[in-house]
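The structure under discussion is supplied below as structure tokens; questions concerning it will follow.
We just call them A, B, C, D, E and F in the order they show up, numbering each chain from 1.
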Amino acid sequence: MNHLPVLPVLLPLLAAALALLVPRRSLAAQRLVSWLSIGALLAVAILLTRQAGQGEVLVYLLGDWPARLGIALTVDRLGALMLLTTALLAIPCLLYAGAGWDRRALHFHALFQLQLAGLNGAFLTGDLFNLFVFFEVLLIASYGLMLSGGRGPRMSAGLHYVAFNITASTLFLVALGLLYGLTGTLNMAEMALRVAEADPGDVALIQAASGILLVVFCAKAALLPLYLWLPETYARAPAAVAALFTVMTKVGVYAVLRVYALVFGSEAGVLAGWAWDWLLPAGIVTLVLASLGALASPTLRAQAAWLVIASAATLFIAFSLGTAGAVSAGLYYLVQSTFAVAALFLIADMIRRQRGKAGDRLDIAAPLGHKTALGLLFLVAAVSISGLPPLPGFIGKFMLLAAVPETQLGWVWSTVLVTSLLAILALARSGSQLIWRAETFADAAAAPRPPRAPQRIAVALLLGYGVVLMLASGPALRYTQAAAEQVLAPADYMQQVRDTPPQTRAPSP
Amino acid sequence: MIETAVVVALYAVGLAMLMSLWRLLRGPSVPDRILALDTLYVNTIALLILFGMYLDSSIYFEAALIIAMLGFVGTVMLSKYVMRRDIVE
Amino acid sequence: MLELLLALPFVLALVVAVLRDVPRAVTAWLAASAPLLGLVVLAWLTPAVMAGEIPQVSYDWIPQAGLLFDLRLDGLAWMFAGLILGIGVLIVMYARYYLSSNDCAPRFFAYLLLFMGAMLGMVLAGNLLLLVVFWELTSISSFLLIGYWTQRKDAREGARMALAITGGGGLALLGGVLLLGQITGSFQLDVVLASGDAIRAHPLYAPMLGLVLLGIFSKSAQFPLHFWLPQAMAAPTPVSAYLHSATMVKAGVFLLARLHPALAGTDLFFYTVSCVGAATLLVGAWNAIFQHDLKGLLAYSTISHLGLITLLFGLSTPMAVVAGVFHILNHAVFKASLFMAAGIIDHEAGTRDMRRLGGLRRLMPFTSALAIIASLAMAGIPLLNGFLSKEMFFAEALEISGHDAMRLGLSLVAFLAGVFGVAYSLRFVHDTFFGDGPRAVDREIHEPPRWMKIPVEILVVICLAVGIVPAWTIAPVLATAARGVLGNALPAYSLSVWHGFNLPLLMSIGSMVFGVALYFGLRRLFNLHAIIRRSLGHRLFRVNVKALLMLAWRFTYAIANGSLQRYLLLMVLATLVLAAAPFAAGLLSGTSGASPLQGSAGGQPMPALGWLLWLVMAVAAIATVAMHRQRLLALIMIGAVGLAVSLVFVFLSAPDLALTQLLVEMVTIALMLLALNYLPKTSPHGRSALRRWRDIAIAAAAGLGVTTLVYAVITRPTQTIAGELLARSLPEAWGSNVVNVILVDFRGFDTLGEITVFGIAGLVVHALLRRTRLTVDETIPGGPMALPMPAQLSHLLFPLALAVSVYLFLRGHNQPGGGFIAGLVLAIPLLLQYVIQGSAYVQQRLGFDYARCIGVGLLAAVGTGVASMLFDVPFLTSGHADPHLPLIGEMPLASALGFDVGVYLVVFGGAMLILSMMGAVKSKDASPAQGNAA
Amino acid sequence: MRRFLPSLPLSLAVLVLWLLLVSDFGPGQLVLGLVLAIALPLFADMLKPERAHIGRLLVALRLGGTVFVDIVRSNIEVARRILGPEHAITPGFVQVPLELSNIHGITALASIITLTPGTVSAELSEDRRHLLVHCFNLGDAEGAVATIKARYEAPLKEIFP
Amino acid sequence: MIELALASGIGVLTACGVYLLLRARSFDVILGLTLLSYATNLLIFASGRPVIGKPPVLREGVAGTLANYADPLPQALVLTAIVIAFAMTAVAIVVAMRSRADNRSDHVDGHEPETPEPER
Amino acid sequence: MSAAFEILLVLLLAVGTFFVLVGSIGLVKLSEFFKRLHGPTKATTLGVGCILVASIGHHAALGDGLGLRELLITGFLFITAPISAHLMAKAALSLAEKDPRPPTTPRDDASPPDSR
């Protein structure tokens, strides 16, 4: 049988276990384990994307139980896309961390792999409670990644991050308890069916429960008014980790799309699509506030963090428009913005290390080593993030604008266009402050060491993904379009999940 | 008869727990409260046993056993904290 | 061929950028080869274009979005390509000598070529989206060019401003183009240009036009967005010459010409474009007079001329369009030469300030002559190219039909603009080349290097040639270009210098006379040099950007003020709102009865003992809150709450939960006590009572809300799948403790995740506390406390507890227990050893590597699951065997036991890693003798 | 022997515990119990407790009986005093000088003192030569000390020589 | 009545937890989170409908249906939730310790409210 | 179940419950920590022991087999109760404002004062 769907969780889990077993001092062995795992992950993700690309929903029944009894993993186009994005992102992050951070942060490799296991699990699972579990896996691993080797202000930022997310997880459980109490199941496809057939007297309750769930996802995805924790956290995280974190808000966005298109989606009767009415205005306001935040940021890393929020908000706008075109544009944008902002985090770190005490603060003029290379990298990243052509940020944005239904044209367009301008202003400001305003070091001896080769390669790789996405945007958008159509018409997905028979067991007694 | 006795005993133990709760709230000293919590734990053992008798089931035996075996750990730690602040020196 | 034409600048930009260490001459030649080769290609294509063909190539890019990589070369594109490349060659040549040795030439030429390529792409684009792509690329590359002297503040600011205005305009253009695409169903230029009538009739025409024009006006520096252009003068002069003559600012009017057939022909278009053009024309011209910087004067003059071109396209008559196209050409030629001349002067004199210049005709006669001719062309003096298009403009202004007021107004504007144009041209000539001076110049002024002059010479020759013999020089070019806009329906026009005495000529003469009078009149009335005019727009922009930054800052940090309390409050409030919303909506719509808050099921009687338990739980919880400022007390209270909760589990049929809750409670208390040593013993009072009451209200609302929801849910009949779990647990998963079967079999994957979380928690704690020293809140004097008697008893207890742990582990599948519970039952007695014996004592004797224990456990759990994959069944599928062992007999074994071993090890390892690390923390003031443990 | 069976009573206790827990005296559980009875004390022995030397088991049984009777008897006494008026209670501390020298004996004594109502052993002096005992109702301090020494310490001296 | 008692018990725990959650000191917040986790555990547990004396441990001769046993699924979920909550508490408390030690304040924001944040 | 056996069980329950209650009453009623310490730590232990014995008898009578394992609970209580009582007493001593301890006997003059 096809075991591919479970491998994206198992491989990093095994790698993490091995990383704990090899001698702690042997960094080489840990790195080897990490790289082997990531290589395998990438291969698996590519295979899964190709299989899911055929249009079939791969259903993997863990424990060989029918989906309603056990936990089913599902891979559709959307899930495969997320897996592939994560695997691709992990490579440069690991590369960058391998330039030295993994030496300072205890258990880095194990935590890194566990984070990947959590992310992949969240993208794979077709069970709502299992989604919670993998949320926790990825969150707790992220605490470790963020805080291991850190001190001082990072700790208080970490405290915010931890406390906020634990609260959100608590709410998740509340929502799950209520939903189980009302529908009697945890499998999303099964729940979708039961929500559709819900007693009219239960509808308000189901909606309240799913409203709480929405708060949870929006908290993870950093949507208004729950985004406030993010800038500080991401700005204070180690660079490689912050870069990896760019996909974490996307998990929240993914979860919203998955759950509110499947369980409360087009098949959900009275409740069909109710969440989008809330999300569109929230997304719009968040986008504006995040863009203002990017403009106001005192440091480049904070700016990158705000841009993470902006990107998530853009996705919410795209998804809440609810058309296949908009969702497709959103998915394309999701992938590209993940890479681009991740690159910006890494660049910010490289700049920080080239500026001595001034760090990445925008208000202080300081010399900058290796200005040309850093400037070039920054330029490419900035162009991509601010949605200027020809990089994929532009393609995503214009696809989104093109997909906006005429009734919502005014608000969405003006927001997206104006915030793009704000992003341009913000990045032009930070770039000109950090890179243009800089002098060269007066004496060569005091100049900091150049960024190490793996670091530069990591950034180039992330930006290179963008270039590939630009050149191959035709096929990429065909894929996202198909993914969007698949997500928005969940009947087929529900059918597949519910009808997949176990290997050996009877489907029902 | 025994059923009635068990129920009465359950209520009596419940009453004992309430009294322990009162001491827990009143204090006045920290050791008093620790003692009250410890007593609550021991009362719980009685409650579990009685409840098992009430249900004709030994399903709660393990819980009682665990409390008997490890319930005092909390008391030990709290007392140690009162004495030393650092409970693992 | 078109691909090649477009690729050349990009490829050579890359080449130039990569080959950084070659001599400057090589770099320049490489750079020049792009436009030179481009011109060759263009010349190759010229016969076809002249013949009316439109060479075209097309590749797919994002076909589903209508974005094709489509290039087409019609007359208009041909003309612009020629301008871009032709002037490009001259600029490169000029820049080779202009740049100082400090300037990084490869960077400069790479940017320049990038910009050239973007411009070429824009004029060649046969797809509107592609056009937008290149349009924004010109914004980016011009940003880089303007900011080329990065060390200068004005350069950085100018670059940012240009990017903000033109990039923002580009976004508007994108919007407009998307609307245009929605209107016509295609982004192909051919289609769009052919559906002008449909476009003009469409309800979205007005917003579309507005967005497109916003893009155009921003790029071509139309009033009131014109102010970025003078600021962009901070760029090196070759850049200014290029941007302001043939390229950047012409992009706007190019697009105006390009889309003219599709957009023009409505009153809206007519009024908007011509009024904006007219205003720009006047504002630019008037301001030009008062500039002191040569380049500033030229910049405002550029604005003015672009206003003129815009105005011409606004008038929309075929003749006006021809005039507009013609003026684009003429302006490019004379303005490029003027900028280069200004650059030469700057280069030689070290200043461009007309207040310090003067009398240069004596020091650099040849350059002066060139500059004077070019500025006369700018002023529209006969026999120079500027005159011809200006005449056409006057003629058109006088012939507007159907709009009498407009005609009068525009004629007046045209005349005034002519006057101002003469005046500022005169100022340029007079203040620079005549009169006294130069003053306070720190160097010897002489003619520039030969190669710096050649580009200017070529351009001036063109000015003269076009001005004197237009029919032989420019006529075919103009015809080809105009056909690109108007199609084959070209109006009849004459390019002769002499049309007889007519009103336009009179106006020309008048403007010359009045212009001269104005300049000298102004000079007499005022000291022109003392007037310092700052650009209002520029100031407004700066003020606005500052205000925006301030606003952004205020807004951002007023909301994200770094207060966790606020973040959590917002989350609680958001939850309350979203959870209450459906009921509120029901109330508002009067259908609240649809979701009653009490279901049809439930209603089981509650024994008094249950209420008693309720009381214990509630009172202890409230006491936790009431005493929370004394942390130890709160901790004791929370211990009571935990005990009550586990009793609830006992009463409501959940033995496994009760056990787990009890054990976790103990470990939690241990954890908190360990932490409390490093935290203050008490919490200070909150800041205000008001806030406390607010929080109490919110907390009460949350509690009430939860109560309501839970009650409503659990009084409804359930339709759970759990019945099937109960039925299939024993026959298919060989376990009678269904909860445990769910944990290790049905939902084993959850448990795998759960122990992963637990293990990670251990790792995180390990990472955070290893080798840390923390300040303790209070140190009790005296060494570590010896507890010999409890130690003895705990030694006795230890193996017994281990046996209980094994027992709970083995029976978990059928009775309450299991890996998790057993793991904690193993960990807690060990913790007790730590408490009673001290960390160092236990660590020395029982020093496990708990982190590895986690690794082994994970490996065991995953391995068990993987084993099933070897039998070609999914991960975690359970197996079962009943081996008959000698002496022991039947030994039922479920594979889930292997999984549970993993759970057991991870839980034990995780718990111990956490607790031992917390115990091993050393206080900062601990003596080194104590600090060698662990 | 000592290497594999650090403490016979402890191993016995584990075995008994196991058999009681599983409530199954079949051969399978017996074998498992024996394995545990050897393995677990071995493992626990890694903590290197101070080793006990049990002298006379018979005395231990007799002491057990005494303690059981004392527990019941004095519980009734304490119950009477708790339910009676509080002013009738005169609590107090006494220092019990110890003749027992090994820690097992002391521990057993302290435990017995604590388990029998009316007395709690509160503290062992650092030199292990005095046990501080709190008496619920201390009439005659000398007498109380003498009783403790006679009833419990004496047999314990035999059990843990 | 059991339902009401359970629901209101959960409500009390929630209210207490929320109040502590909104305090300014890390330890108080962690206490609040602990109370909230009790509340959520009970809530999930309640979603299986409370019944007395029917633990989901199969007995011979008693048919495995919901009439004879409590819903086991929420119990399993709660077990997972308890464990995860404990893990999270452990991390939170250690972060609180470190934050207090590094920043010399146990305020959740890493500095005492009156004093401005120390410069990095 | 024979009536006599049932009466025995009821009696055991009554005694057990009585001692449990006595322990808690002592906890509530008495005025000083060291007095309160005696009730719960011992009377309750005995009470629980009685209830346990009753439980064993009850389950045995119902034919679950002689569930002697309840004895283990008592066994563990006997090991652990002294530890907790000892430590609570020690904790209270450490908090006492004036040292309530009588001096050690003269022959112990040489012994050092308590660690505190």
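Quick note on the criterion: contacts are C-beta pairs under 8 Å (C-beta built on N, C-alpha and C of every residue); 3 or more make two chains touch, one makes a residue touch a chain.
Note that this is a predicted model, so its numbers are computed, not measured.
**Student:** Kindly list the shared contact partners of subunit B and subunit D, in label order.
**Tutor:** C, F
**Student:** What is the set of chains touching both subunit E and subunit F?
**Tutor:** Touches both subunit E and subunit F: B, C.
**Student:** Based on the averaged CA atom positions, which chain is farthest from subunit B?
**Tutor:** Comparing chain centres, C lies farthest from subunit B.
**Student:** Taking each chain's centre as the mean of its Cα atoms, which chain lies farthest from subunit F?
**Tutor:** If we average the C-alpha coordinates per chain, C ends up farthest from subunit F.
**Student:** Need the CA-centroid distance for the pair subunit A / subunit B, whole Å please.
**Tutor:** Centre separation, subunit A to subunit B: 48 Å.
**Student:** Calculate how many whole Å lie between the centre of subunit D and the centre of subunit E, each centre taken as the average of the chain's C-alpha atoms.
**Tutor:** 40
**Student:** Measuring centre to centre with CA averages, how many angstrom lie between subunit D and subunit F?
**Tutor:** Here subunit D and subunit F have centroids separated by 14 Å.
**Student:** Going through subunit B residue by residue, note those that touch at least 2 other chains and give them in order.
**Tutor:** 17, 30, 34, 59, 65, 69, 71, 76, 78, 80, 82-83
**Student:** Could you check subunit C for residues that touch two or more other chains and list them?
**Tutor:** Each of 562, 564, 568, 635, 651, 655, 676, 706, 710, 713-714, 718, 720-722, 725, 727, 746-747, 750, 753-754, 757, 760-761, 764, 768, 785-786, 789-790, 793, 796-797, 800, 804, 815-816, 918 in subunit C touches at least two other chains.
**Student:** Two or more other chains in contact with one residue: find those residues in subunit D.
**Tutor:** Each of 17, 21, 110-111, 121, 126 in subunit D touches at least two other chains.
**Student:** Name the graph shape formed by the protein chains and their touching pairs; answer line, ring, star, complete or other.
**Tutor:** Looks like something else, not a line, ring, star or complete graph.
**Student:** If you go through all the chains, which pairs of them touch?
**Tutor:** A-C, A-E, B-C, B-E, B-F, C-D, C-E, C-F, D-F
**Student:** Quick check: in the complex, which residue numbers of subunit C touch subunit E?
**Tutor:** Residue positions touching the partner: 562-565, 568-569, 572, 601-607, 610-611, 614, 617-618, 621-622, 624-625, 628, 631, 634-635, 638, 641-642, 645, 648-649, 651-657, 660-661, 664, 667-668, 671-672, 675-676, 678-680, 683-684, 686-687, 695-696, 698-700, 702-704, 706-708, 710-711, 713-715, 718, 720-723, 725-727, 729-730, 736-739, 741-743, 746-747, 750-751, 753-755, 757-758, 760-761, 764-765, 768-769, 772, 774-775, 814-816, 820, 907, 910, 914, 918, 921.
**Student:** Spell out the residues on subunit C that touch subunit F in their complex, using ranges where they run on.
**Tutor:** That would be residues 782-783, 785-787, 789-790, 793-794, 796-797, 800 of subunit C.
**Student:** Where on subunit E does subunit A make contact in their complex?
**Tutor:** Contact set of subunit E toward subunit A: 21, 26, 29-30, 33, 36-37, 40-41, 43-49, 73-74, 77, 80-81, 84-85, 87-89, 91-92, 95-96, 98-99, 102-103, 108-111, 117, 120.
**Student:** If we count contacts the way the header does, which residues on subunit D are in touch with subunit F in the complex?
**Tutor:** Subunit D residues touching subunit F: 17, 20-21, 23, 71-72, 75, 78-79, 82-83, 86, 89, 91-95, 97, 110-111, 114-118, 120-123, 125-127, 129-130, 132, 134, 136, 141.
**Student:** Under the touch definition given earlier, write down the residues of subunit E that touch subunit C in their complex.
**Tutor:** Residue positions touching the partner: 1-31, 34-35, 38-39, 41-43, 45-59, 64-66, 69-73, 75-80, 82-84, 86-91, 93-98, 100-101, 104, 106, 108-109, 113, 117.
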